[in-house]
Amino acid sequence: MSWLVFALAFWIGAWALNTYLANSRWRGSLFVRVLVPMLFGVTLIVLWEGIVRGLGVSPVILPAPSTVAQTFAASTDILWEDFRQTVLKGALSGFAIGVLAAFVTAILIDRSAFLTQGLLPIGNFVAALPIVGIAPILVSWFGFDWQSKAAVVVVMVFFPVLVNTVQGLRETDAMQRDLMRTYAATYFDTLLKLRLPAALPFVFNGLKIATTLALIGAIVAEYFGSPTRGMGFRISTGVGSLSIDLVWAEIAVAAMAGTAFYGLVAWAEKRVTFWHPSHRRS
Amino acid sequence: MQDTAEAPVISATSLDLTFQTNDGPVHALSGVDLNIAKGEFVSFIGPSGCGKTTFLRCIAALEMPTGGTLTVNGMSADDARRARAYGYVFQAAGLYPWRSIEKNIALPLEIMGYSKAEQADRIARVLDLVELSGFGKKYPWQLSGGMQQRASIARALAFDADILLMDEPFGALDEIVRDHLNEQLLELWARTEKTIAFVTHSIPEAVYLSTKIVVMSPRPGRITDVIDSPLPRERPLDIRDTPEFLAIAHRVREGLRAGHAYED
Amino acid sequence: MQDTAEAPVISATSLDLTFQTNDGPVHALSGVDLNIAKGEFVSFIGPSGCGKTTFLRCIAALEMPTGGTLTVNGMSADDARRARAYGYVFQAAGLYPWRSIEKNIALPLEIMGYSKAEQADRIARVLDLVELSGFGKKYPWQLSGGMQQRASIARALAFDADILLMDEPFGALDEIVRDHLNEQLLELWARTEKTIAFVTHSIPEAVYLSTKIVVMSPRPGRITDVIDSPLPRERPLDIRDTPEFLAIAHRVREGLRAGHAYED
Amino acid sequence: MRGLLPILTVLAAIVAIWYAAVAPMNIRGALDVAERAGAEVMPTESLARFERPIWRLMVDNPQYIALGYSLDRPRLPTPVQVGSELWKTTGEMALNGRAFSKRSLIYHGWITLHSTLWGFALGTVLGMAGAIAIVYSRVVDMSLMPWAIISQTVPIVALAPMIIVLSSQVGIEGRTVPKAIISAYLCYFPVLVGMVKGLRSPGAAQLDLLQTYSASGLQAFLKLRLPASMPYLFTSLKIGIAAALVGTIVGELPTGAISGLGARILIGDQFGTPLAIWAALFAAAILAGVLVTLLDLTQRATLKRMGMQA
Amino acid sequence: ADDVTLQLKWVTQAQFAGYYVALENGYYDEADLNVTIKPGGPDIAPTQVIAGGGADVIVEWMPAALAAREKGLPLVNIAQPYKSSGMMLTCWKDAGIASPEDLKNRTLGVWFFGNEFPFMSWMSSMGISTDGKSENGVEVLKQGFNVDPLLQRQADCISTMTYNEYWQVIDAGVSPDDLVNFKYEDQGVATLEDGLYVLEENLQDPAFVEKMQRFVAASMQGWKWAEQNPEEAAMIVLDYDETGAQSETHQKRMMGEVAKLTAGSNGALDPADFERTVQTLLAGGSDPVITAHPGDAAWTHAVSDALN
């Protein structure tokens, strides 16, 4: 009971502090911009801990964050092995192949207005489909190891990036294109100096969507067969053997990896498309 | 329409241009005859939609006339484009936001294959010409509208085209900045002896700048008046208060009003 | 600065406004003294960034001065805003695209709680006033720029504010349409006897419209000249070719040039 | 309708490539079947065949390539096989009056649609509420926004079994609610992001206008922010419903295994009947297409009525 | 009537025919019980469901149940309708596998999710490592839900049940002559499957025990009917299958095989079988499923004693 009260008190206190910080005159500073969401996250964890302890929730249903943290610390070798298998081998290689393929395809079909008109609606449609469903098929095609996971990721990532890139390549305004014509610029000049840079904000849009899809794809695919390692393997078997704390540790790794990956892409976006109105600071 | 002794740099004979749109054809230009001699400064003025931009775009071979003939430097407009005969300044500065000012000016030079050293040289020269030295490393959005517009003029000047096509380059600027840029443009024109075709909405601007003012009327876009300016080439800003100036302005305004339907 | 017999409608005394920005403070207004009497038409002119908009926004209580006093209709600017003492016309027409012209004009009336019947009545009246009857059911994008601007004026006139604040309302229009709207605005002002504060970049426009012209200079934004126009209230467009007109215009231009730094 | 020709061409190309791929994908299966039927195949040993590259098998046994187009359990079925399986489990059953039999994909599509719509409704409400809170409160904006992004990097599949157990512990029976929760989890994010953008889309000038009328906060929301956000809302709703469908299917994939299109995919996988998987996949695709198209039509109608060009 | 919720270990199929028969034939009604049968699925752990209060009694394999007990979830076996184990390892004969010794240096498909324990014990009893292919080791794959890995030769052997996956291999066109089966029963590493488990604390309540007595009795009545009427039992199961994907032939065949496994049981757990299972699990090598003998608290005859 006292745990619940403590958690609630912490929540109210953190909320009050956050409200104060967010309206204070330091609200623009990096420190506060990081501290406020951190405090929010810590509050969530404290609430979780408080509820689990306060209500005596069974650890095989929902372990307390402190338990998860202990398991995390005790199983770093397993977590690292799984991380390598799923993220480094499955998700990242699939992401790289899928993105590259989408990019090259976009540039190739972009030369033909006909192809673009045909592929864009189809690509848009496919991007909206529940592609994860093909995981069992691809596992049966490409075998059990990371290759089939990468294949799932390739397919999932391909369409959002393709559609966004094609869209981006068409996103130059008429005046910018006319300018190139007044210089009698070649196709490659125009592609390199105008259309690719102008497409970058869109490409990054697609990349950001792709980062979250990549992890989900790699993990789901492991449900349909895998070697005896990998985050999806550990999560799916962990539930069966009631190692729920290890499952949560894997979830934490996935969230951290996903956030880091997303953050990396967002950072690159900021660097590369610094000129775009949404990134300018004045 | 009056000819000059030399062969004209730009020559249009009964030029027609009709756009096919969903709502039927739009006659943007119809029977346009005009000769522009080397070194002239020609302004085009007329109500919105009368075809000024379209005419400039025809000269630049960005638009294909549907009738009549048009030669630029004695060749077809498209050949002239390929020969990089002109620099074009758009209404909005149209700088590429991912390139610094320097790099924006370098753009045509890169495409035309100038060497790095030559590029640096020319960039420095034109930046100086438009009084932007020191701003080369800045990005377009870090500059005021007037500065951006000057950068876009610098970009059009960086390579050796001796025709300059300018489509309302100062439309977005305030009157004072505009006056100043007008003065500078005249100076530059005097120094470089380029042929300039200049679209504007402002009567004083047209009168102040031009050796020849072309008044147009809409639907179908045709030329209603061509006024050869009696003003001297040397023009202080004060000239705008002289009776000669006002007389020309009055004639332009009358020409405009004739072609204008008020219900816009 | 000259006073009129009646209590002024708008009265500013040593008004200061400093914006705190990342690059340090910007002094947008500094020591501004001005009285505007009932029924006056006051134009504000000055180079970009001199604080014209800021001053108008202070009157409208959209900005809080950091020093000095400002009263509107004898009360504080914010109380005047709450009392709905004025209509504000922005530079861009700023019509809501999802509302028809009618509904756009109804917007302030809905907010102020007018009855449906009263709304219909007023909409019809102001549409007529700006010569847009018959266009009420159209959407903004179906109208030309000039018509949109007139609709936005109608919106500001729909409720009974007797102060009209207009921030470059005709900036985006071509000269001929602008002339026409200027004539109409004068007519409307004469009929309704509102007090109008009007920001413009155009010298002829300022001189043509105003009973009083306020010339401002930037950094820090201050008033450099206040010119009371000797022109009669009745003003045909031709008045712009008269020597009196040109003399005032010249004085305004000199005032402007004095305060202007060319490197903008 | 001029836009239709390129789409049809590309579709035709896809089908052609698909058909061409069937031969190499299925050659091994075809040779196994032929061998068991007593035919002479090269090489005769099943094990030896698995060590041969596919192209060799095709060159050595050209007469059996055609067999690959009519296998019962193909690695890659032909479009016609998928189509006829789809028809058998939908149209034909409907014609026989068994549209809602448990063997009909219409029934399973309905189950999936049901949770998808619940998830969509829940996700949309959450997303909108979150967006409003973010736009109106700086604290919420600063603390919630980063976590909204992080939430999407959590592999929701991992949570699925726990969501089922937890919801049964709070007394919710059946799979609809847990599936809807998963689908709401994926759906709320695009709605949130789109609505934040939309509610913030009115420029300072439009907000100032209402200030000059001294309008209340509620009036500003109803008359400005909400209508201005409509185009954004619909765009994100379309993404949202697609995400909700993905969520439902992910929720049905490892956990449901009872009914719904995801369960059909899983059961098809378990019993080694690829045609069932493909049919369920295409049914899911059709469902997604219908849902997005419906929203698109609503968008056009609404925006047209609001006078915004679609 | 008293409410009872039963959580199955897997999807609706003839493996659980007894319960569906008891429901359909009204045996539960006669025992004044209102029984809800919850089908399972690949990601549903009955142990977790019962811990969360989602079920009163679950069908579970003993290794998983004992493992859960060690994790602090005190499950108790109250009845054991399955006398023998149906687990096998099915291999390609042409891969050169004839005896368990031949498994070394091969790729084997194994079910996880708590079902891997018998396999691990078997391997460790033979001294084979499961860390990858080697002279004295095997490569283990987490087998999915189908027999593709065998058919596509991604694995040399896969786990099968006599009543289910084995027949899927046969249905795919493989001749029984091409296959070699290693039954866990024959290898002496069989563990008890499909027992009924409840939470220990509930057994303190005599009313609950009495309810379970009625439940187990009715269920066993269902099982015995199913053994005698396999065709009809399979059809009853099919009626309850919500996926609509099960086929009649497959379920009838499954029922026939399942009957062989349930035949020897009257519902009561044989303590000798329990002891054998525990010993097998304790022999689990470096990473045993359970580290200590759970003791006799892990099972009770309190419920099944009422059967006769």
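Order of writing sets the labels: A, B, C, D and E. Residues in every chain begin at 1.
Rule of thumb we're sticking to: a residue touches a chain if its C-beta (ideal position, glycine included) is under 8 Å from a C-beta of that chain, and two chains touch if they have at least 3 such contacts.
By chain, UniProt protein names: A, D = ABC transporter permease; B, C = Sulfonate ABC transporter ATP-binding lipoprotein.
Quick caveat: nothing in here was measured; it's all calculated off a predicted structure.
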**Fill in**
Touching both chain B and chain D (ABC transporter permease) we find A, C
**Prompt:** In terms of CA centroid distance, which chain is the most far removed from chain C?
**Reply:** E
**Request:** Would you mind telling me which chain pair, C-D or A-E, is linked by more contacting C-beta pairs?
**Result:** A-E
**Asked** Going by C-alpha centres, which chain is most central here?
**Response** A
**Centre distance in Å when chain C and chain E are each reduced to the mean of their C-alpha atoms** = 85
**Item:** Inter-chain centre distance, chain B versus chain E - centres from mean C-alpha coordinates, in Å
**Value:** 86
**Request:** Report the inter-chain centroid distance for chain A (ABC transporter permease) and chain C in whole angstrom, where each centroid is the mean of the CA atoms.
**Result:** 51
**Prompt:** Taking each chain's centre as the mean of its CA atoms, how far is chain A (ABC transporter permease) from chain D (ABC transporter permease) in angstrom?
**Reply:** 18
**Request:** Give the residues of chain A (ABC transporter permease) that touch two or more other chains, as numbers and ranges in rising order.
**Result:** 61, 136, 140, 223-224, 236, 239, 244
**Request:** Check each residue of chain E and list the ones that touch at least two other chains.
**Result:** 42-43, 45, 48, 51-52, 144-146, 148
**Complete:** Expected list for chain D (ABC transporter permease), residues touching two or more other chains, is 161, 165-166, 169, 254, 266, 268-269
**Complete:** One finds touching chains in the pairs A-B, A-D, A-E, B-C, C-D, D-E
**Request:** Using the touch definition up top, name the residues of chain D (ABC transporter permease) that touch chain E in the complex.
**Result:** 32-33, 36, 45-47, 50, 73, 101-104, 107-108, 160-161, 164-166, 168-169, 254-259, 263-264, 266-273, 276
**Request:** Sort out for me which residues of chain B touch chain C in the complex.
**Result:** 47-48, 131, 144, 146-147, 174-177, 180, 201-203, 241, 246, 250, 256-257, 260, 262, 264
**Complete:** Listed in rising order, chain A (ABC transporter permease) residues that touch chain D (ABC transporter permease) in their complex are 15, 18-19, 22-23, 27, 32-33, 36-37, 39-41, 44, 61-62, 114-119, 121-122, 125, 128-137, 140-141, 211-212, 215-216, 219-220, 223-224, 231-232, 235-236, 239, 244, 247, 250-251, 254-255, 257-259, 261-262
**Prompt:** Can you name the residues of chain B that touch chain A (ABC transporter permease) in the complex?
**Reply:** 57, 60-62, 81-84, 86-88, 90, 92, 94, 96-98, 107-108, 110-112, 139, 141
**Asked** Can you list the chain D (ABC transporter permease) residues touching chain C in their complex?
**Response** 205-206, 208-215, 219, 223-224, 227-228, 230, 306-309
